Every structure is written in C-alpha cells, then in structure tokens.
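Several structures are given next for inspection.
Each of the two complexes below includes subunit A, the first together with subunit B, the second together with subunit C.
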Partner chain A sequence: MSNETSPAGAAKRRQGIDFKRYLTSPQFFLVLIIVVLVGIIGSAKPNAFNGAFVIAPLLTSVAIFTIVGLAQMMVLSIGQMNIAVGNMAAFGAMFTGLAFDLWKMPFIAGLLVGLVAGALIGALTGWIIAKTGVNSFIVTLAMSFALLGLIPTVYTTLSPGSAFTAKPEGMEFLGRGTFLDVCMAGYCGPAAIPVMVVPVLLVVLLVGGLYSKTKLGREILLTGANIKAAELSAIPTNKRVVLVHAISGALAAFAGILLATSTGSFTPAIGNEFMLQSFLGPILGGTLLAGGYISVTGTFLGITLALLIRRGLELFGAGIEMLNVFLGLILLVALSAERIRTVRRRKPAELPSETPPDQPADRQALSSGATA
Partner chain B sequence: MRLKTLTTTMALLAVSTLAITACTPQDATGGGASAVSPDAIKVGLISGGAHPYFQPWAPAGEKAKVDFKLGDVTFNETAAWDQTKQNDVINSMVANGYNAFGVFGVSPTDINSTFANLAKHGVATAALGSCPAGESNAADFCLSTDTQEAAYKAAKAAIEAMGGKGTLAHLTGNNVDSNTQRRIAGVKQAVAETNGAVTLLPDLTDVDKDLTTAQKAVSDLLASKGSQLNGIVSTAYNPAVAAATAVKDSGLKIKLVAIDDDATILSAIKDGSVSATVVQNPTGQAYVGTYALSKLASKQCTMTKPGEIVDSGSFVVDSKNVATYETERAEKTAQLQKDFDSKYLSCK
Partner chain C sequence: MKLKLPASLGSQYLVLLATIVIGAVVLGISSGGNFFGPVSMQTFFQFLAVPILIGLAQMITLAVGQLNLAIGAIGGVSACLAAVMVADWGFNPWLGALVCLVVGAVAGLANGILVVVTKINGFIVTLATMTVLLGVQYALVNTRTISADNWKPVAALGKASVLGLPAIFVIAIVVAVLVGLAFKYTTTGRHLLASGDNEHAATLAGISNDRSLTIAHGASGLIAGFAGFVSFASLPGVNQSVGGDWLLSSFAAPIIGGVSLTGGTVAVFGTVLAAFVVRLVDSARAEFQLAPAWVNLVIGAVILGTVALGRLRENRESTKAGMLRARVATHRINAPHMAETAAKEASL
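Entry: the complex of A and B
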C-alpha cells in the first residue's frame, strides 16, 4: 500500500477539502474532547487553573510524554514497535547521570552523552532487526529485559544510594523552572508555563518537519507502508530501519533525561511508566499500528488527553481503583467514538481495495502519509 | 494537516495558557504570614503507595482532625510508588486548598525537590515514615523510625535468641531506598559486635514488593540454606509475615525476629514460633505529624531547627510484653507531642 498519489491531483483536492477534512480528522476530534474536558473540569473546580500547581505540572508531563509518544511513533511509522522505550529512556538517562556525577561534565555535555547513548542502543536494536529479520516485538522485548537487568546493576555498582544526584547548573532550570524565573524589565513570565516546553516544542517541530518536509521522511513512511515497494524504489530500507530505531532511542533518552531533571535525580526507575503511554498517544492520535501513516499533532493531542483525564480525576480526589476504572472507561469511550465517527464517514466513499482497516478513505488522496 | 497545523495547534495552546496566567511583576511575593485558623488548615497524608504499613495513617489522621478541629485531613495512597505520580497527587491537592503535607517520599533522592517547591509556596511539609536521602532535609521536619536503630535492635534480639552464635539471614526491602541501606548498616553493626561468632549471609533485598514475592524469597532461602540457618531477621513487612508462616510450617529450628505487628506475627509470638518483633509507630507518625503540621500551617509556629529529624520510636515485642506494648507505644506518641511543643516548635 502506498499513501502517495499524484501530487497535482492532491493539490487540487486539498484546496476544496482541507477545511472539511480538518473538521473530520481524529486530531480535531481530540481537540474537541480536550476542550470539553477542560470546560467540565474548569467549571466544577475553578482552582483547576492554578498555574504553579496544576497547569505547570500538567504541561511538564505533557512535554515529557509527547517525546515518549514520538519515540514510539517513529518506530510505528515503519510498521514496527519498540517495547524497550522505557528501558532506553533509563539507559540514556543513566549515561547523563554518570556524566554529571562521575565525570563532572557540564549540563549540555551530559545531555548530549545521554542522547548519544540512547541513539546507539536504538541503532543496535534496529541493526539486529534489519540484519536478522526477527520481529521488532521480539527484539525490543529481549532488549528491554537485557536493559532491565543491566541498568540497576550499574546504578548499584557506581552510586551508594542507587541514584545519581549531582545537579549541574542548568538542570534545575530546565527540569523545574517556569517562565516565572525568566524576568525582563521588571516583569516575569507566567508560572504556568515550564521552561521545558521550549526544547520539547523544538524537537516536536523537527520530527514533524522530518516527515512532512524531507525526502528521508517520505522514504521512512514508504518503508513502513510497503517494504518491498520501498526496496524496488531503491530506498535502502535496512538503513532506514536502523536510523528510525536510533532516533527513537535518542528521543526515549531525551524523555528520560527530562523526567530526571523534573523529579530531581537519576534513578533506575526512570521510564517505568513510559511503555503504555508511548502507544496510547500515537494510537489515539491516528498513527497506524501497521505503519506508513503518522500524526505528530495527533500524538501530542493523544498524550494531552490521557494526562488531562488523569489530572482531572486527581483534582476530583478519585481513589486509586476509581482512577484506573475511569481512565480505562474514558479512553474506551474516546476510542469507540472515534471509530464510529470514522466508519460513518467512510460509508459513502468508495474504498480502494488496499486501504488498511483503520485508514479513512480520503487519506488515500493525500500527497503524503505524514501529517504533522 | 501539515506542519502549519502543528505550529497553529502549539501556538493556540501557548496563547491560551498565557491568557489563563498573565505575567507577574518581579517583586510579587507569596502569601503573607497572617494567622490561619484551624478550620482553614487542610492536611494531606500521602503514602508512597498502597502498603499495609500505612493503614494506621487513615484513622490516626481522622482522630487528629477531630482532636485539633482541623478543616480536613485526607489520607491518599494513589502515588503507586512513582515519584512523578506522587508529585501530581500533591499538586492537585494544593490546588484544592490543602496547605500542609505529611509525605512518605517514593524516591528519597528526589523528595527534597518536592518539599522545596511546596515550601516556596508557603505550604507546611513533613517527611513521614522516611527521611530524604543525603545530608539535608528540605521538609520542615522528618518524623520517622530511626531505621538503623530499629534494625540494630531486631538483629540484637535475633542474635540473643540464637544463643550468641551461628548463621543469620537478613530479609529487607527496596535496595534503592536509603532506609534499606540504613537497615543493612544496623544489622551489620549488631553482627560485628559478636566478633565473628555470628555469620551474616548476603542481605536478601527487594523482597517487600508484595506478599507473593516475599513468600517465594523465603521458601527459596529455606530450601537452599534452611539447614545451616540459626536465625532470620526481617526488617521489612511482607518478608516478616512470609517468614513467620514458612518457619512455622517447615518445622526448622530457626529463631525469627520480625518487624511490625501484623496479626500473623503477633499470634506467632504468642505460640513461640517467632522470637520477637520490632514494632514501629505509624499511628504516632500520622497523629503527631498532623499536629505539628497544623501548628506550622497556622503560621503561629516555626521549627526551632528547620529540617529537624525526629525518631518516632521502635519497640522490641516478645512473649513477655506482647499484651501490653500498645500502652508503651501510646506513651511514646504522647511524649512525641509534648516534645514538639517544648523542643521542636517555637510558637508566638
């Protein structure tokens, strides 16, 4: 299957259907649910707009988990998955912690060490998948077990309390700082926006740009949509697989480092909560499990929705059992509603025979499988 | 939807957040220090996750609410042993008007950042049940069992029951927790005092996750080393309960010193299959902790020494005092409250 159709035809159609398509896209649906939820939570709990204690922590979580979602989305774009996303985050964060604690490196240098470590472990995973042809689920599962054993061992061997606690200058500012700390001409920014959103926005735009603006991005999507067709089009698919896993590893490491800077220290527990969320964001946002179609905006919105539901329930003081029951139910309703909406919209359309089950028909008319 | 849409969405989010919270003048200060009446004080008691150890916190908090006429005292155990989730729970409660927190920090190396952030916004904080790792304590005070002292007492009791010689095994909790490191140090100290008469097997850590994990660890230990063992000391709740049952069932002549006062352990002390147990004072932590927090949140009192570390007490319970130890524990709780009034708090 390919998402590529004639660019000229697509351009003509786009002008007419762009607005309508936006209104019926999963992203718009997510925005709608988010707005409704914010309205409900805000009207029932006016203190939900507390900048320092509700919005800033929520935006910090959204920032971190959007990166986690993108790490998974990269791999989903080639029709594979990364079960080791949390462990790769822990692996990258461990190297940054080592760089700060043992090698006394400054903040930016330590951050780069972690990102490179994440990219290397991701590249190794991708290389094994490309060379052996073993399913990505098996390889990343094996990798997650290997790292699950390795990481705590390194921590216990190299640090007295199983944590790297050194805080070089800049770490506190990135992890816990808000724009309240950024002052100019006697006025400071709002306490509701964490500093962390800036680098995260940059990364989100870079990933979005990779898929929507570059040839490499299109090659990656084609590799995911149909690997044989991609090979016949002279795309070096093995190299693309390794590259995608390397970027996924680096993104996971970045998320792990951000989490460590926001909680305060580097511990083996980093990334424990990443795996489920990493799938939730992209899938809620419309990324296909089968590969070939991604949505960066959708991933961001999916993550925002999941975290908003959790935060809303916490504000209402839901107990641990109710929290999980509600979270499951709301997500189920959100996903079912999205599914019903897609099916209703598909009815009048003629479906091309190669359309995957989850793919709306008019997406086939797009010039690319990427939405940013 | 293209990159443009992504940029638009991000921009919309940024603008709406900015609209909600406008810019702040640089010299804006937090709350003043005017007195807060007791019914405006809302205390959150936040455990690290669901664990039987924290169960007495809920009734103790309720009692404190009535006794000290506080606005509210809420026990919350939804942190699920994750520091980020624990921070989220605390933040949500601050937004709901809670102005004092007693927290069992999930990650002892991170919890100081949480306390520092709360202090910045004028919220009273206490580390309950576990003090932050490292040299400093950013909470107003820490009220916790001196875990090294409790482990030392337990190991001494086990060595005494073993007749002062033989092989001892130590079962304990999460290796990453600094409290576990202190417990290991306490047991080692007691063994070192025997000058080689007692051999300590390598510490069995991370077996306090749940009862099933503990049961498996204990049965593995008894299967592999049971015949050489003379004593077991458990400084964590679940392995203590698991060992009490397993030692009794196996019929081995192993002297067991447990921790806490689960019904299984108390009945095992009564029938003689467990030599002793070291009980802690979670009720005292929650009750006196709430009392001191309410004083701090009223803005009428401050800590004489900010970051003070207070031992909430630990008691060796054996067949002789199994029926009466509650009195001893209640006395310690009353004493703690007096100590806060006379020593640790300085009030206007």
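Entry: the complex of A and C
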C-alpha cells in the first residue's frame, strides 16, 4: 500500500515513472519470488498443493502471522520496536482463556476480553516509553521478560494442566473451520480456505485504511518520520505513541487468540515464535526501521514468503535447525538486496556522502524515545 | 562541573555497592548464615563469571551505539562446538577451549563486517545472526547433553580456585580489567567511544567509524566466546540451552551499571557491580525456591526503574541548565537597558 499522495495531474504525468517504480518496489519483487517458489515447490512435489491438508494450514498460519507482522509494523511506523510482541500475544490469549475457562464467557465476549487486555498492556508499555523517554527497545525487552515471568505463573496457579482447554461455541469454527463448512443455497466453499481469513482480511483492511485514509494515520507516520516536526505541527506525539503501542498490543493479542483457537488450547507457549517473524514480514515488505514509512501489502507478502519457505523446507525434509539457519540468512540477504536497491535509487539524487545515509536514521530509531 | 561528574558517578556506584551489601546480608540472615559458607560462596562467585563477561560483551557494543542480540547464541555455539570437537572428534580439550574464543571472535567480526558492509541496523543483523547461530547450535548437539567428563583437564580449571576465589571468576575479573584499561588508555578504545558519542565529529577527527564498529562487534564476540569457554569449563555438561538465557542479563548489567544506550560511554566497574546484583537476585530466587520466571520479572523491573530514574535525573539537570541560561540571558538584556536609563537620568 503506497502512501504517497500527489495532485491528480502530477500523478498522471508521472504515471510512467510510477509504473517503473512499481516494478522495482520490494512488493513486486516479493510477488515474483513467491510465484517462482510456488512453481519450484509445485513441480518438485506435485502433491504439495493438496487443498485441505497443505493449503489450508498454510493460509491459517499466513493469516495469524500477518497480524503479528502488523503488530510490529504499527510500532515500526513510529520508529520504535516491540520486542514483547510474542509475550503480549500470550498475555491477551491468557485472558481469553481465563474468560472461557473460569468465567464461562461466550466466544465473542472472551475474544473482546483478550483484545482489551492486549491493548491495555500495550498502552502501559507505550505510556512508560512516552513518560520516561526510555528507548523502546529496553522498555519492551524488560516488559517481555516481566510477562515471561508472569504468564506461566498465572497458568500454573489457575489451571491444573498449565493450559485452558474450554471450547465455547464458535471457537472451533473460527480456528479450524474452512469454507467447506459455510454452505449457502446448497453450495459449499472450497476446503482450502480457512474461515479465519475473513476476520484477518478485515483487520488488514482496517490497518491499511488507518494509514492511507485517516488523519490519525498520517499523524502517526509523521511522528515516526520526524518527532520534532510532528510536535511543532501540534500533534500530541505522546498520545500517538501510547495509541500505537495499544493497537500493537491488541493486534498481538488477536494473533495469540487466533493461534490458540487453531491449536485448540490456551498455553503459555503461545507467541514463542512471534518475535523473529514479526520483524521478517514488515522489513522484507519495505517498512523502514527508522519509522515514517509502512507497507501493509508488503508486510503480508513478506510473511507469506517467509512461511512459504518454511513450509517448502519442511516438505523437502529439512530439520528445525536448518529452518532457523535459512530464516536468518534470508533476512540478511533480503535486507542487503534492499539496501543495494535503495542506494542505487538514491545515487542520482544526492551526492555520495562520507557518512552512510541511514546511520542518523538508525540512531534516531534507537533514541527517538529519548527525544519524546 | 569537572568535580561534579565523578561525584554523581560515585553515587551510582555507592547505590550499587549498598544494594549488594544489603542483599548479601538479607540473604545471609534468611539462610541462617549458610549463604556465607565456603561452598555457597564458591558457587556464588563461580556463576558470577558469565554475567560479568556477557555484560562486558554487551557494554562494548553499546559503547559504539550498537546492540548485540547474538551474544547468547555466540556463547552457545562456541561451547557446543568445543564440546563436539573434544567429545566426538577426539581433539585435545585445550584446543576445544581455544576454539571457543576463536568462534566467538569470528562470529563477532562477521557481525561487525555485516553491519559495516550492508549498512543494515545492527539490531536486525544480530537478530539474523542469532537465528542462524541458534540453528547451528541445535544442529551441533541436537537434544543430547555432552558430559564434561570428556574434557577433565579443562573442567578441573572450572573447579580450581585461586586465593580462595574460583579461577574462572578471577579470569572474568582479569578480562574486565583489560577491557577497562583498553577503553581508558588505548587509542582504539578512545576511538570507539568517540564513534559512539558522535560519529560525525569522529569522522571529522579522522576516525574511521567502520573500523570502530567492526572492532566493537569483534571484541564483543570474543568476550561472548570467553563466556562460552567459562560455561564449557564450569558446567557439568554442554547442551543446546547454553546461552539461551543470556539476553536479558547481558543488557541488565551495563544498563544498571550506568552505560548509555545511545553510545559513547562505558562503565566497566558499574557493569561488574550490576552483574553482582543480577547474580544476587538469582541466588535469592534459589534461596526462597521461587520459579525461575521470577528472576526475569524482577530484573525486567529493575532495568526499567534504573533507566527511568537516569532519564529523570537527566531531565532535571537539563531543566536546571536551561534556567541558568535563561537567567544569564535576562541579565544580559537588562544590563544595557539599565545603563541606558542611567545615562538618561544623568542627562536630565
């Protein structure tokens, strides 16, 4: 999702350039790699794309991890990071599990409890960052360890088997149902598409709309691009920081709850794998670490690529250790490619300077909390 | 001003020292004096070596304004590779110990070169190398634990004591002293600090920031490798969990010890003292038989508190400086004005 606005006339005149820019954008690059990968996997293992057994689980994990990627992308958009994204997911899921198991709440109410809990823990994190001006990395790292200490303790004291397993009506349908279960006028949907895709798509559109259509979204991006300029433009940057962290917490919690509904139980292990993936998606998709630029489609594509590679490696029988090695290498290679691309694009525009162009930005990313 | 800076630093060390003394006394009383027994003290200092070393490793990257998330993975891989080499491939145990340091230095240099060449944020680079190294570590040892019986001479060093203190603790202190001296007296050390404090100024002064980043990451990796060696020598066995819980304490020690996250400062003594505090929390956890999760919670809270307090103090000082500037400015504006009125009065 491009965030450039320009007058209609200028846009028309620049159409040729825009098309060229689209071809060199990270999003197009990602689509290309994804298509090639699907081709390779499809031709090497013809039965790899069996609808109900391969595509449906793949889409389920793409749906869940897209939300995780968005949770991180929100925070990256203001030039900060959320190391606690997995723990916030576990925190939100824990409350939903509590609501189902101990308070016997219906499905939707329990879901809301979890989302609110995620938003609150996110808001608390954002509030600490905004109030103290401490680097977001340290605050979220400390928060992640605090939650890492808290969550298993709650589980062991409140549930006999360290897991909440109550399943209210609707949980199975959201977590494991496919469109095969949705029948209308005697016709049922394909078994390859899980029901979970619908709410996730809705959330993706909401986040995309927030950034591209609303004033609030633009204010958040400006806060990330240049916090001083944002303050001088009368944007209450502290409130925006708190809000962004709250939304990030709620999104993380949503992802945690979705994961729990798909596996069928709420455990402290939810969110363990979220941290690396949450950075992979947005960064592969072109979101800047320094803040001020995001890409929702890119995040989705980045997550899809990472999971496709994962699934592909599993199909070819690679072990868990190789998965890690490959994911790390992909992150490095993709980022280096991205760096070469931006350097080449910038070259005609600005003189090569002694200092690397991104260093001040990186520094800003680290200390933007301090300038708040 | 010159007198004030060491005084404020001194007060921070005093707070840390007081925390350590009070914590030790409380632990001593609650354990009925057992805590100060020879066996308990031996284990206390023995397991202090790793927090000190990983704190120093992180401190060096923080000094140039970078982070190193891969410290635990570097330490884990180096210990596991050494264990596999000695136990499976029949190498000399001392060669294994040397391999720890070499692996650490190579991995750290790789981090530094990646950061410099690709210009990617150090956070992402070390996140990626951490993931890769965790995969390698798992590939090396899988789910087994390699017993320390395979490298008895090195393990003997892990249990040896010098002047009543465990040898590995002494090694850690020696490393700390060397790091402190390097930052204080060598040109390279001063270059690292200059790059970390203000890279534009450093560039203008003829310092290569790229060189500083590479050296800092390399040294950080080397010390992480040292921590891997200490684990290799002192643990009863090496498995894939070595290094898994180093991340938080590697940040805890330098940050509590007074190192700024934005670069340009080091506090070797503070880092060592803070590592004592971290170790005390761990001992208290064992003493009161709490779940290991509580250590994370307490240390997370302490880090937040320290950083927030430091931030508040900084704010107060900058407000004070601002008020002083304002007073000087009003004085300057008023002074000519007063002279003018005086002249008018005189002419009348």
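We take it that the second predicted complex is superposed on the first by the 303 of 372 C-alpha atoms of A that agree within 3 Å, B and C clash if a C-alpha of one lies under 4 Å from a C-alpha of the other, contacts with A are read in each partner's own complex, and residues count from 1 in each chain.
We take it that a contact is a pair of C-beta atoms (placed from the backbone, for glycine too) under 8 Å apart; a residue touches a chain by one contact, two chains touch by 3 or more.
Predicted model only: the values in this text are computed from it and were never measured.
Touched residues of subunit A were counted for both subunit B and subunit C, and B has more of them.
When the two complexes are overlaid on their common chain A, residue A:192 makes contact with subunit B while staying clear of subunit C. Judged by the touch definition given at the top, the superposed model places A:300 against subunit B, while subunit C stays out of reach.
In the superposed pair of complexes, A:323 makes contact with subunit B and with subunit C alike. Of the two partner chains placed by the overlay, only subunit B lies in contact with A:208; subunit C stays clear of it.
In the superposed model, A:75 lies in contact with neither subunit B nor subunit C.
Once the two complexes are overlaid on chain A, the subunit A residues touched by subunit B in the first and by subunit C in the second are 152, 156, 319-320, 323. Touching subunit B in their complex are the following residues of subunit A: 21-22, 25, 27, 31, 45, 47-55, 57, 59, 61, 152, 155-156, 160-163, 165, 176, 180, 183, 186-193, 197, 201, 204-205, 208-209, 212-213, 259, 262-265, 267-269, 272-273, 295-297, 300-301, 310-311, 314-315, 317-320, 323, 371-372. For subunit C in complex with subunit A, the touching residues are 65, 67, 114, 118-125, 127-139, 199-200, 203, 209, 247-248, 251, 255, 261-262, 291, 293-301, 303-304, 307-308, 311-312, 315.
Against subunit C, in their complex, subunit A makes its touches with residues 81, 128, 132-135, 137-139, 141-146, 148-150, 152-153, 156, 276, 279, 283, 289, 319-329, 331-332, 335-336, 339, 354-359, 362-363, 365-367, 370.
Residues 1-7, 9-10, 14, 17-18, 20-27, 50, 74, 76-78, 80, 82-85, 87-89, 91-92, 94-97, 107-110, 112-114, 117, 121, 133-134, 175-176, 178, 181 of subunit B are the ones touching subunit A in the complex.
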